[in-house]
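In order of appearance the chains are A, B, C and D, and numbering begins at 1 in each one.
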Amino acid sequence: MRHESKILKGNPLGDPHIRDLIVYTPPDYDKKSGNYPTVYCLTGFTGRGKMLLNDNAFSPNLAERMDRLIAAGTIKPMIAVMPDCFTYYGGSQYINSTATGNYEDYLIEEIVSFVNQNFRTLNNRDSRAVMGKSSGGYGSLIMGIRHSNVFGLVCSTAGDAYFEYCYSGDFAKAFRAIKGDAAGFMKRFWAEEKKDKDFHPALNTIGMSACYSPNGADFILPFDLETGEIREDVWKRWLEHDPVRLVEKHVENLKNLRLLFLDAGTRDEYALDIGARVLSKKLCDFDIPHIHEEFDDGHGGISYRYDRSLQLISENL
Amino acid sequence: MRHESKILKGNPLGDPHIRDLIVYTPPDYDKKSGNYPTVYCLTGFTGRGKMLLNDNAFSPNLAERMDRLIAAGTIKPMIAVMPDCFTYYGGSQYINSTATGNYEDYLIEEIVSFVNQNFRTLNNRDSRAVMGKSSGGYGSLIMGIRHSNVFGLVCSTAGDAYFEYCYSGDFAKAFRAIKGDAAGFMKRFWAEEKKDKDFHPALNTIGMSACYSPNGADFILPFDLETGEIREDVWKRWLEHDPVRLVEKHVENLKNLRLLFLDAGTRDEYALDIGARVLSKKLCDFDIPHIHEEFDDGHGGISYRYDRSLQLISENL
Amino acid sequence: MRHESKILKGNPLGDPHIRDLIVYTPPDYDKKSGNYPTVYCLTGFTGRGKMLLNDNAFSPNLAERMDRLIAAGTIKPMIAVMPDCFTYYGGSQYINSTATGNYEDYLIEEIVSFVNQNFRTLNNRDSRAVMGKSSGGYGSLIMGIRHSNVFGLVCSTAGDAYFEYCYSGDFAKAFRAIKGDAAGFMKRFWAEEKKDKDFHPALNTIGMSACYSPNGADFILPFDLETGEIREDVWKRWLEHDPVRLVEKHVENLKNLRLLFLDAGTRDEYALDIGARVLSKKLCDFDIPHIHEEFDDGHGGISYRYDRSLQLISENL
Amino acid sequence: MRHESKILKGNPLGDPHIRDLIVYTPPDYDKKSGNYPTVYCLTGFTGRGKMLLNDNAFSPNLAERMDRLIAAGTIKPMIAVMPDCFTYYGGSQYINSTATGNYEDYLIEEIVSFVNQNFRTLNNRDSRAVMGKSSGGYGSLIMGIRHSNVFGLVCSTAGDAYFEYCYSGDFAKAFRAIKGDAAGFMKRFWAEEKKDKDFHPALNTIGMSACYSPNGADFILPFDLETGEIREDVWKRWLEHDPVRLVEKHVENLKNLRLLFLDAGTRDEYALDIGARVLSKKLCDFDIPHIHEEFDDGHGGISYRYDRSLQLISENL
């Protein structure tokens, strides 16, 4: 479906405010008349909703996965929503930023009500879940932290957390690739379909800067452009967005969740297993109920973990 | 569109004989009344037609690519056809085999006429092209070699050729992974969504064996199951399918092509740049006109080379 | 030569206090009667003096290198000293620690005088240089920072500096490998000649902890053993040993050096090019003369950079 | 010890004919008067005898290893000989070649008698063993195949065998790096201490060509310089040197050995585990007694396997 956003209109990057919204309806949707629970699936950095329907002969896409899990009786029939919060910088972390646009408002204020208007949803927070991997896990955590009135169930697989580990390993490579000119890097990045093979650390660092340390319509990188030295002032702004640090400010919200699920692979290249451990420890410190699991894998090729999130969501609706 | 195949019905692997056929029509197709040239795009091993429409924020899928090239005036409006010749073993090489099914007949006898019946094609070989990468390049070459009456234009990007280099490097890894039991390997392979990270050499070797050295509904691996020693009798059967060896048997067909284009990356991990060089040399030996190019890249992430194939096709229609 | 150390005797790890000291004398040493300048070459982590004489058909060892540079007239004849400061934890960083032993004292108080007693050295700080790569570069910097009365010339190639980048990238891997039991890790490490392929981050983190955050004869790791979260108290102790932080406390020493040379590869896997940039910036802030160079390489296979250090030493004696 | 060779004098590459010969004598050698068995240890490609004494804090060199095994009573006291058969092309495979020199004669005719003259050896083939890894394993096999009158015990760890797997995987990379000019490649190779990171496949292919397909003082590469296509005439010459093919011509020699031991890692990057399997199968076909083992490792970092060879040698003297 096509949705026209008022919130994204005139965003500083000139990214589209009219976007496709991908919505999956369960097999019996057109045959029955009732309302359905809804799960929002947020993609990782560089992703957008429709990627969740990409075909792969060896791994089901989200629609096929839900068909399969529903047919097997593993999960209840649900609607799945796959929003597009992609930007010129590769993503939005699903938060508001003067440098990218107000994607948190977009999701909460526009997309959720648009879905409710156009589909037969069970329109209450106890029947609305959000899940995702990597930056999509981060976005899900943010929804739980700040919007537990909208989303009652939250699942984060390898969600960005404990920024000391997950981001700072990219800074040296980003520093070298950006060469003091982030705008120039971005221009070169988009100019050629064939990307430089080492683009990811730079793009990720730029993308996160745009989300965590915007400066009006521009942003500030977390390191000195001459030496690569970390800028403590900027880094501090980043840390204010770290789920590990946000917990203590939103304890009641988090306690209100029907489900809070964290998992990560024990070989995660961004150390998000450690991020999940540190986050789980903070949640324990504040007596916030949650489920924490680890699995034997890295950061990539872990779509099969959606099965676990969906199962837990179904059980806790 | 959905197509029901008589040829694939009852295939030995129980693979579906009813398959989706993806067809792209150019932007002006519904506004105009004329007929259009057609390009068939064959995917690589482990791929199938609909993958060509997968979304990627950094690289256009085939439909977006054609929209863009047509809008820019780089190519003429064309229909694009994306067949599905996937099998339980990961692919079919677009040839007939008692172990997989008759995919060459399927393409030539069923799909081409099905497309012509359902779309306003220019139904002649001079207006029908075939292109692809990797195994899809191989399939394109086979079409040119054996069916130049059907396809008048052939483009192969990193197409399998000169089997000494492109396949034998996988044998040691395949031998170790298969452990003397190819059927057991395949069962384990399909049993879990999360594949072993080193599955590819084994799957590829099994897939090629099913295409090049079938034995009734089964197949023979090209190496001894105890020692890994190459079985010369089986290897000889493989070589009979090597484009480099097929040239001399089909010189007239190849001379009849309006366009024969080969390219490959000079860092191709399967040495298909050398495959293309050896093939080009054979073509020269038999005075077969063709265009041979190299580009600075490896085997993966080279969809941008479709631009070059499409441009040459458009120029030579 | 064999040297028996009083300082290392009874060290907490039971490492030998009698060690071979490797000393190179220039080709004309036995033919002439004069005294010679001396360069101390400190090895990297996991190294020890005699490794500098290892044979490699493609790269000269330190003795061959000096023979060659002296013969070519690129450097003056010098004595080269290759101390052994290896420990059970893989190294000592050439500093004193209650967990490893007093290797800084050992070098300054014992080795230098031992060399002067046994060889015809020019026994003054203006004729005594120290150089090294990686942890050997760190050790050289420490000599310049705290012992410029002993060493008048200091060269650090990819020396450990700016600990945020060079060490913290190892913590996640170390956390996982150590599994909460550093002593057990070390026992397993030494039990088998064949090391686990991923041992380095864990050994390095343990080794640095023993040097930077000792706790009596034991040490404290810089992260929580349950979650991997960085322990800020321990990390602060580490930073006190960071050359970048030590500069401001030893400005006069550093200003007294005849030569202070920093270089690093622009692809250094431990980001020591950034370490050198940040260090150079600090030196500039305090008007400390130095030479800073970068070269196009990574962290390993850079022995050829000794040529540059030796040349600068020779020119500045 | 220094040895002056008549056989190597005037070799076509201008490599030295006066070379250091490294000989290890057991701890009690100077205290006792008897004669000792001897083991010759041949290094891999790019190696030479003295490398076997290189220092490594985590893995004993050959002298330390023998000291340790003798002290533990695992092996009898033996003399160990570490010849230098290095050439401008990286090695000699320990065979005669008009392009490199007669290194097989050098070993058999000069080195063995030189050792016997200078050390208290048990001068008979039943007390003389040869062992090595990689190309050193190949050289050991050659000694067993052609000179079982000289060496009665042969151990090959990951020795080059079944050339289809161990060499041809390098050809594509070698073809690209050599760019049609092997002499030019070699000049560039030696001109700079810092080698191109991808030099090995090219150097190895050149080195093997100089050994297996010499052409007077020059050599012929096994592939076409324009296309990379394998030259069957040259490849056939290579195969004549494959241990797998040599077995049937030297059955009696091989049957005469007191010990013939083959092992290889099951993840050997050159598939030498398969080489050993195929070789073992041939030995079985001809009823040649031997021991064949596999271990869980790759091609590098396997010096610890010397323990197994030395133990078997000691038991079979």
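Operating definition for what follows: a contact is a pair of C-beta atoms (placed from the backbone, for glycine too) under 8 Å apart; a residue touches a chain by one contact, two chains touch by 3 or more.
Note that the structure is predicted; figures quoted are calculated from it, not measured.
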{"item": "Partner chains that chain B and chain D have in common", "value": "none"}
{"item": "Graph separation of chain B and chain C (steps between touching chains)", "value": "2"}
{"item": "Separation of mean Cα positions, chain D and chain A [Å, integer]", "value": "56"}
{"item": "Centre-to-centre distance between chain C and chain A (centres being mean Cα positions), rounded to whole Å", "value": "44"}
{"item": "Averaged-CA centre spacing for the pair chain D and chain C, given as whole angstrom", "value": "36"}
{"item": "Chain contact graph, described as a line, ring, star, complete graph or other shape", "value": "ring"}
{"item": "Contact pairs between chains, per stated definition", "value": "A-B, A-C, B-D, C-D"}
{"item": "Chain D - residues contacting chain B, complex", "value": "162, 164-165, 168-169, 171-172, 175-176, 226-230, 266-267, 271, 274, 277-278, 280-281"}
{"item": "Touch list for chain C against partner chain D, complex", "value": "46-48, 50-51, 53-60, 86, 90, 193-195, 297, 301-304"}
